[in-house]
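Letters are used for the chains, namely A, B and C, taken in the order the chains are written, and counting of residues starts over at 1 for each.
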Amino acid sequence: MTLVIETSGLTKRYRKVTALNDCTITVPEGRISALIGPNGAGKTTLLRLLAGLSRPTAGQLSVNGGTPRQDPAFLADIGYLGQEIPLYRRLSAEDHIRAGAHLNPRWDSALVRERLTGLKIPRDRAVGKLSGGQRAQVALALVLAKQPRLLLLDEPVAALDPLARRNFLGVLADAVALGNLTVVMSSHLIADLERVCDHLIMVASSRVQLCGDIEELLDEHRVLTGPSKDITAIERSQRVVQATRTPRQTTLLVRLNGPVIDPAFQVSEVSLEELALAYLGEEVPPASAPARLTPVTPGGTTPPYPPEPSAVFGDDR
Amino acid sequence: MTWLVWRQHRVQYLVGAALLAAFAVMIVVTGTQVSDQFHSAQAACAAGQPCQHLGGLFMGSRVVGFLVIATLGTPVLVGLFWGAPLVAAEAEAGTTQFAWMQSVTRKRWLAVKIGWMLLAAVIWGGVISALVTWWASPTNAEQLNQFDPGRFDIMGIVPVGYSVFAVALGVTAGALLRRTLPALAVTLAGFIAARVVITLWLRSHYISAVTTTYNVLGNFTPKGAYWQFASGVLGPNGQQLPQPNNTQYFDNIPQAYLPRACSEVTGPNGGNPTPACVQALSHFHAYLTYQPGDRFWAFQGIETAIFVVLAAALIAVTAVTLLRRDA
Amino acid sequence: MTWLVWRQYRLQFVLGAALLAAFAVLIVITGVQAANQWHAAQAACAASHGCQNLFLGSHAVGFLVISTLGAPVLVGLFWGAPLVAAESEVGTTHFAWMQSVTRKRWLAVKVGWMLLAAVVWGGVITALVTWWEGPNNAQQLDAFNTGRFDITGIVPVAYSVFALALGIAAGALLRRVLPAMAVTLAGFIVVRGVIAFWLRHHYLSPVTVYHSVIRSFTPPGSYWSLASGVLFPNGQPIDQNTNGNVLDGVPVNYLPASCNQVSRGAFTPPPSCTQALAHFRGFLTYQPADRFWTFQGIETGIFLFLAAVLIAVTAVTLLRRDA
């Protein structure tokens, strides 16, 4: 399995502020990786380092088999779209298409035009006069037209309506399925990411908290629910990520270090959102873990909401 | 990349071309009139009519004359409106990110953008200078003052050097400051400072000036359009005599310093000096320090080279800044 | 609102103040030197009845003084054009206009302070320049001439206010800073050129005086010479640009032979020559020196009026337009 991205100890400091600290990640080819983390965690910094827009203060990184450098061949293989959607406000979408055709060795103008026509976005109007969502669509179409090997997207769907979001994510998934494309995209909307992503990079407080295939990560974590009591035994045998205690109940999210032997605790699987919230420091609401593959807890209490069919992993792949 | 440069900056180039065209029309129309006036005056002079000093000829309309002097400022315009926004506007809007994430290296992006801008600056400076030099040629032939500061600056090839320098200064200011308005202010101030320092202090030293001494009773005017630095009179023991500002003088010698033999001679040109006076005055020497007229083009070349070297240094700074910096 | 204006523009105001201070230091130092020089020269001059032309003050500072012709347009470019345009480009007008301040008040406070700044800018510079030029003006009596008129007195204040208003209006209409600056620069040059080279001649009808060609006529004080020459007996002006020898401005082919021996200054002409010369008249069309301040006032009024119109245009544009 080739690694499209490989970093080791990657650090970026701006004068007194450390934006990214000792980041070590790998992203295999063909993945759609979700880059999640709170605001200011370092997601944008990481993406910019990977794109070669910034230079690291320390550490190594390898992207598409080489260090990010000023080389047309290297640049042609990377697509990057920043949060602020940097397009020339006074030029039209058509101008951008022509510019891209001039500036890139591989360029699919027809693809962009088709896509924009399908979305009913006028190609001859100055981009600055389009709505925020339309601008985002133009930028996304342009970045796809470049046909890169690696796509780095910073909050790409933030400005899109729900339908457009789903449509775009579908397009991404199709492109990846065709082969030769890896995607790393940052977003706050974990539900969307769950739909298409199979790899996860979680960043918080300028550090990487998790990095790996989502299936594996979820498999490594469990939610343990049990009576309020001393949990030191559990803490010794497993890695507790987050513990929530109420007078009646203790909920633990643990990273498994071996099978859970304590019979007092119910074991259930973890959703991506719960995992994210736990690592990012939020409280995991006690009754919100939807039972998926394990039976309903004794006492007959049903989960508060039915699990969505498509949320069951494995169906959409 | 060239297509993108044109598409981004075409309004600027078109406006510049329109201004050049308008200026050219005005200059050519009035210049032909001036030239005709001059040639007919010259012909009348050659035909035997006593020649009036043509310096009194009113050459060219006052407005165009003012406009010609105002071309002192045209180089800085391209620095302000073409140079400063080149990088700064893109930095402010963030669009450098778009360009730099296409498959074109920053080096190439910068090279193509700056290359075309410099070419445009050369055309701007060159066309204006050619028009002004042609327009002023009758006046130059008549008054022989093209070496003087103020006229030297608007003719020949130096305006090309100034324009290139102004654009380079603007681009560098924009690249360093990353904001258009401060870059504009810095470009304006820097251009004025550089031009003033070089014109008022450096230019007189390009080549050592020539000093010629001659008899006070005689006259010495160098050939052609020379650039006068200083003139005066040296006394018998070589001391510099003060300029006769308000006192009586004879042949530029203040009355207080005249030899006794010349005491009856009064007034600037009054009377004929006696032989004894002439004899006494032979110990005085008048001098003129100047740059000969045939050095005009050497000075033009040197000053153009200075500004081009400055421009090159500035562009090197821009390149290093942009290629090293985070986007 | 005033606090916001200060916070937004404090860098520009501070820079402007710094430039003024530097200029003031330069002018005061060299001006004092020049004044001393002049007083000394005047004393010597008066003693020996032969004042020559003096150049007072260093060349560099003299150049700087002339270049204050351009100082008014600077406030138009750097303070005026970005005032509205920069906010339009970035969209921060929305921020201001969605606070609890009406657009009218926003505009009034911003423009008001900027106008005050322009008045201070123009006023300080012209005060310094007028003082510095004092000796030169007394010496050359050229204060009324085009070029010197524009940098002394009160007109520079009006030019600065006008340039500022032009910049603001351009920025409000074009909504982009660089085009607004280009329009401001071009507009300022055109308006100043038209008014200085054409309109100014007609504020008040000039005075024409006829005089004998033998004796020249020089009005007192700093008058503004508009035209001068010599007339034929029938009133036609003599073309000053023709070739040939002239005596007192009259071509010798119109004069009797007795005038041919006359060389400039040294000999008195014979009676026949004087008689012939009496048929010719010299004329001088000029604006008398005592009209200097009237002209300054009229020109100031014109530019202030233009500025008011531009500000009205700005107000109407901004208050009517969608944000």
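Keep this in mind: a contact is a pair of C-beta atoms (placed from the backbone, for glycine too) under 8 Å apart; a residue touches a chain by one contact, two chains touch by 3 or more.
Note that the coordinates shown come from a computational prediction; the quantities given were computed from them, not determined experimentally.
Under the stated contact rule, the graph of chain-to-chain touches is a line, running from one end chain to the other without closing. Put simply, the chain closest to the centre of the protein, by Cα centroids, is B.
Chain A and chain B have CA centres that are 62 Å apart.
Taking each chain's centre as the mean of its C-alpha atoms, chain B lies 24 Å from chain C.
For this pair, chain A with chain C, the centres built from the Cα atoms lie 66 Å apart.
Shown for chain A are the residues in touch with two or more other chains, of which there are none. In the complex of the two chains, the chain B residues touching chain A come out as 1-4, 7-8, 93-108, 323, 326-327. Within the complex formed with chain C, the chain B residues making contact are 15, 37, 41, 44-45, 49-52, 56-58, 62-63, 66, 70, 73, 77, 80-81, 85, 89, 180-181, 184-185, 196, 200, 244-248.
The touching residues of chain A, counted against chain B in their complex, run 48, 51, 53-55, 70-73, 75-76, 78-80, 82, 84, 86-89, 91, 95-96, 98-100, 102-105, 146. Those residues of chain C lying in contact with chain B across their complex are 15, 41, 44-45, 48, 50-52, 54, 59-60, 63, 70, 77-78, 82, 86, 177-178, 181-182, 185, 189, 193, 197, 240-246.
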